[in-house]
């Protein structure tokens, strides 16, 4: 009779104790350089999830078959990227210690770094698979090392050469592409080579980070830095489903900035991809 | 460390058992004749309440001093006004039976009728004080008796002549104003006569219904039927504070339709008035 | 010299008497479960039709060659789905009796049921071809049998097994897909199998119902329940043009909700598809 | 049963022949210097009039008591101010010749000039009463004599010193205020002196032109050049009602630009003021 | 330390004297027939260019390698198309005389005519390559010869049969398509035949005019006349890159109308295509 | 002939050297706790200033009489409040050293602290006059000392008891009002006591900080934390004009967040108040 619609993602009906995976929001957008608002991403995903079903005809599975818990949002300090990342790291470590798969909802892409540190500590030999419009490989941005534009550079510092697999990249400084040529596996523009990567990774533990701006702005205008020329929703969906064989030990969705899309289509895209990712990864 | 911001109104930290007042949403807008969307009112109030404080410098009181519980939204059928009103009535009756002050968040103004039936059953001799742009005194609207445009006519049928006190009314059919002249206490345009009404009502049990479109569209454009010429926010606030001596046994706020105000100013107005009403009435 | 632009769809210059087809609006959205506003669909289509031409380079035909009349909108009660459907049915019956092809502009998808009842009565052996994101095959929705989420289930009750041809379906409960497997011809995700269906139907009388949310939200965000992963506009256009051989005796367009697309792109898509459908079907 | 809501202003049920007053739209905004869109003003007024009543509790009169006709919009050339004004003038002349009170819906304020020429020809000794934020007294604007910023200068050239009464003016070049001091009756900021003007004008024929941006942007943001510091809606309403004794032989409303106010509040303000003006003036 | 972000397009760091190409805006939309606002196009392109990089991974080139100057916007009269075109022509002539490649940012598509006159005078034998949704081949529009709907007809009058190459055209009157069949090279709907055209043109001087509404409204809703069925961004990008071998002596981008796309995606598309066009053409 | 409209505030035609006052933007919103976007404030003020005049009929003065320079925006690091404040302080110091009156355009309210430090160093005995909805007197906010919610507490630490004069305050924690009672001159809700304060301050050097959210959201919805119950634009204008006798040695405007007001009314309000403040203060 009572509905608390909006307080948790659909299908997240398990208690923390019984859950196999735990969703949590990191409503931080403090280093966004163009259009802030990703802080409202987790809230919008929970609110508009009501508009989609728990059942996926793509996978013929239903969220109600999983044991999911949505713990809410972290309270993060405003204007202090360092402290925000520490809080995310501490919490992710706790989840891993409790045997839960962490599912992080950003926030700007920098939040990935906090979770990645914790996951890397728990899973030596970790690789990262990134879907993104931007390379995010700058060493610093206006002098700041902790910036959404540098997050994959920081990831590389953690994981080393060859452990960062980038897909869909269509924007960056010339130097970032040069850096990628030397140190990461960068697949520009779309998902060419994805099946090879999946095959090669085998059972390697993988952190999957999805910067939703890999989608074309036609499908996902509600983001901080819309970059035309991205993939259509169905291409992203196919690419996500192709990740099935991977050993994904944690994942995130970032860069939904709802105030910039009054139609709600961007939030709907985030919700549906989140559903598919949960159905795909939370079974092991 | 965790925030469930958005899942309850600010300051609603008590359990149901210990609460003196219980907030609940009735996200129904099925009879809205112009612009639907009031179903999203309760959700928006909870989401944006984060933007205001729990403390009121007007009353020098703080919501944290009260014992408030927010039970969430009723699940109401779509397109069936009769069933929706019954559910609201049943639930309000339960709250009253448990000794709680019901605080109803609409939804369109018709939802008032469900709560009013329950409160009237518990409080014989009940009066209604209504702040509204519209008289809502039609006998039917396109043949329907259960319509937002008829809600005060239905209230009058319950309570009788002289028990409906209407303030701020600036719109209606000629016949509604004629009906009001014969059967209700209608104060057009603003709050003239409010202090006399408050004094005359003394300890009479009162249901206060606030259709937020009593506010001018400049202050509250996010509503189903914006009617220019209304009161400013400060006028409404003063009028609300003037209700202090009344014996308000239940109240509601209705007709916030957030999709029609992308600025969020309408939701902020609803949040602040709700805070003041809680601080004013939940002490007895 | 005078323009009544907005009072009728472009090219609708015939009188009722001389018209071969009659457009009418059913501005009803009373059972919409997520975002209401489809009531404004017919009005928006008439207003923005000014932005497109009467000539189609796809078919090399012009609306001015047809005899079309636009009779305006039905006045439908708010919050009473049963009465609304009856009014639509009665009117559609009148059009058919006068020898006109009915062209229904929704409103939410439930309005289809009213027209379908009338068309089925006039055309025994009727089949339905549906383009839609959602299966709409629930038996009830929160207890209501008359709901947009149930409209194809009601259609099946009228027409029987094998007479409901569904294309583009990408959302529903697991039970709906199971029901479809047993009772309807469901083609998921896109238009695979459409040419076979067209060929098989031959001269069978067909009611074509287009829930515009079959389009991807990138092309059509202005709708009640945006469902990512749909078809692009050009795919829909090709599929519509492929319907040419069918014996379409009536058709509708539903689920345009203009308030949710401030860009007007959704309305433009509806206008253009309506033009193509008129040029395709109103010649027999 | 059929509604053509949106094709005429509410209460405009008379035929052209029987009408005492005739509304017509001039959807022209070709000289707008800041934000165009006033071309959509007449259409929006007709569409949203559904949201208000035909009855005025302020005047205790109803539009249904009047004989009003709404003839639709003039088809005006784009990008040719001269031709547009001529068309407006020709049509207004026709209305006057047929004994109708012309009621012009803009469009930008320049459209007033077309109507004014015709009314002045029919009513020697005509005065103009203008409510406006801007003086509109420039001799030219970037070299153009026919500009919204010059319309009252052109009016003065027709009518002469002392025949232009300006109220609410709060913006202009220094030279415009100097010109006003010499040639017009300019009342800055609000309506001080209005009752004196009304008294002094007695039976003089008056053209009343209402640039709706005299309203503060809080009440009327949907306009080409929002100018803070204007009057509240209730102040404008009182000022309009104070015009009752005047001999208004024609009037207009201009500068509603609906695309700039997604809330619809600006259109609602225009609709309500139009209703009051019709009730006030169409009785003689 | 100081940023004048927004006052010039990214990478435009050269002085006028040293520049090989000069960008200038023509903020004119006086003949727009549906939704005005293209006047704000150049300003939006400069403001939001901050969101993209100067480096193109598609061409592996960087704007900082070029010598570009952005001279700002022309001050054009409002409501006088003739005078506006003259000003554009005069200025373009000046640029050509100074040895600069003119890069014109509209504004509505009519502005092309001003630049084209100047470029044609400097380059006898000039051809035009047009990407557009609309044929723009009317002889007049509501009596006006200078209209966005006539601009390619005027171009044809200048350049003659066979010198106007139209791609992507999907809208027009029947007569325009007939005219095209006789006088222009019209490639409907998409870019079929583009490589043949590029090859055939060889070293012929070419003016490239890009009406951005060739893009589908899903990718570019912020325009005056959205026409569904257009190309995706990546298709446009490929087509633009295919122009590489052409001898482009001037080019323009037109019909971005930012007020109609609150997401900013349309402006981002314009910025990115402009970057690619500069990188592609400004090397010779 | 060329317009660089948008690259500087209107009337800012002086060179840096000859200027008496210098405007500069601090596009920082890194500690905004509710709705970010104030970073776009300075840009919007420059862009939309075109819509207002340089002449004030309130003061009968014109910006063209002053010597004003607009130096653009500071490039500030994202997500590092400390570094941003230092940059603002350094630059303000430079302006003061060059004998210019600093005019700071925020940005969130925290930016005031950077300028204040520099102005205080140059003007011992400095007082601050603040117009604001919020007290901004917290000692920390979620552990951060450098927060928009703490800026006046930091100011008090610099200036001491009795040197902070707060007007219009209508929101804060209970503890902030208690702190104010002990340490600042807080005038709640409106401008009561302003003339006394002006008189008492005499020739004392004053830093005037205007958080534009002192305006009611009806007049200024485009802000980070809309707080209903504020002053109308005309009240703010009168209060600003009442500051004339003060010795204002620097001032700022903060908290315009343009993305939250699609109507542009908030930006127009900021532009007009800035014009009046410049005309009022830059003469000494």
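Labels for the chains are A, B, C, D, E and F, by order of writing; each one numbers its residues from 1.
In this section, contacts are C-beta pairs under 8 Å (C-beta built on N, C-alpha and C of every residue); 3 or more make two chains touch, one makes a residue touch a chain.
What you see is a predicted model, and the numbers here were worked out from it, not measured in a lab.
Shared contact partners of chain C and chain F are A, B, D, E.
Graph distance from chain B to chain E, where chains that touch are one step apart, equals 2. Hopping across touching chains, the smallest step count from chain A to chain D is 2.
Between chain B and chain C, the superposing rotation on Cα atoms measures out at 180°, rounded to the nearest 5. By the residue-number overlap criterion, the interface of chain C with chain D counts as same, with over half of its numbers used by both chains.
Once the centre of each chain is set as its mean CA position, chain A and chain B turn out to be 41 Å apart.
If you average the CA atoms of chain C and of chain E, the two centres end up 38 Å from each other. Multi-chain contact residues of chain C (touching two or more other chains) are listed as 35, 75, 216, 218-219, 232, 260, 262-263.
Chain contact topology: the protein chains form a pattern that is neither a line, a ring, a star nor a complete graph. If you check each pair of chains against the touch rule, the ones that pass are A-B, A-C, A-E, A-F, B-C, B-D, B-F, C-D, C-E, D-E, D-F, E-F.
Listed in rising order, the residues of chain F touching chain A in the complex are 29-33, 35-37, 39, 75-81, 83, 141-144, 146-147, 259-260. On chain F, the positions that touch chain E within their shared complex are 1-7, 43, 46-47, 71-75, 87, 91, 262. On chain A, the positions that touch chain C within their shared complex are 50-53, 55, 57, 60, 62, 216, 218-219, 232-234, 237, 262-265, 268-269, 272-273. Put simply, chain D touches chain F in their complex at residues 34-35, 169-174, 177, 188-189, 216-219, 221-222, 225-229, 232, 260-263.
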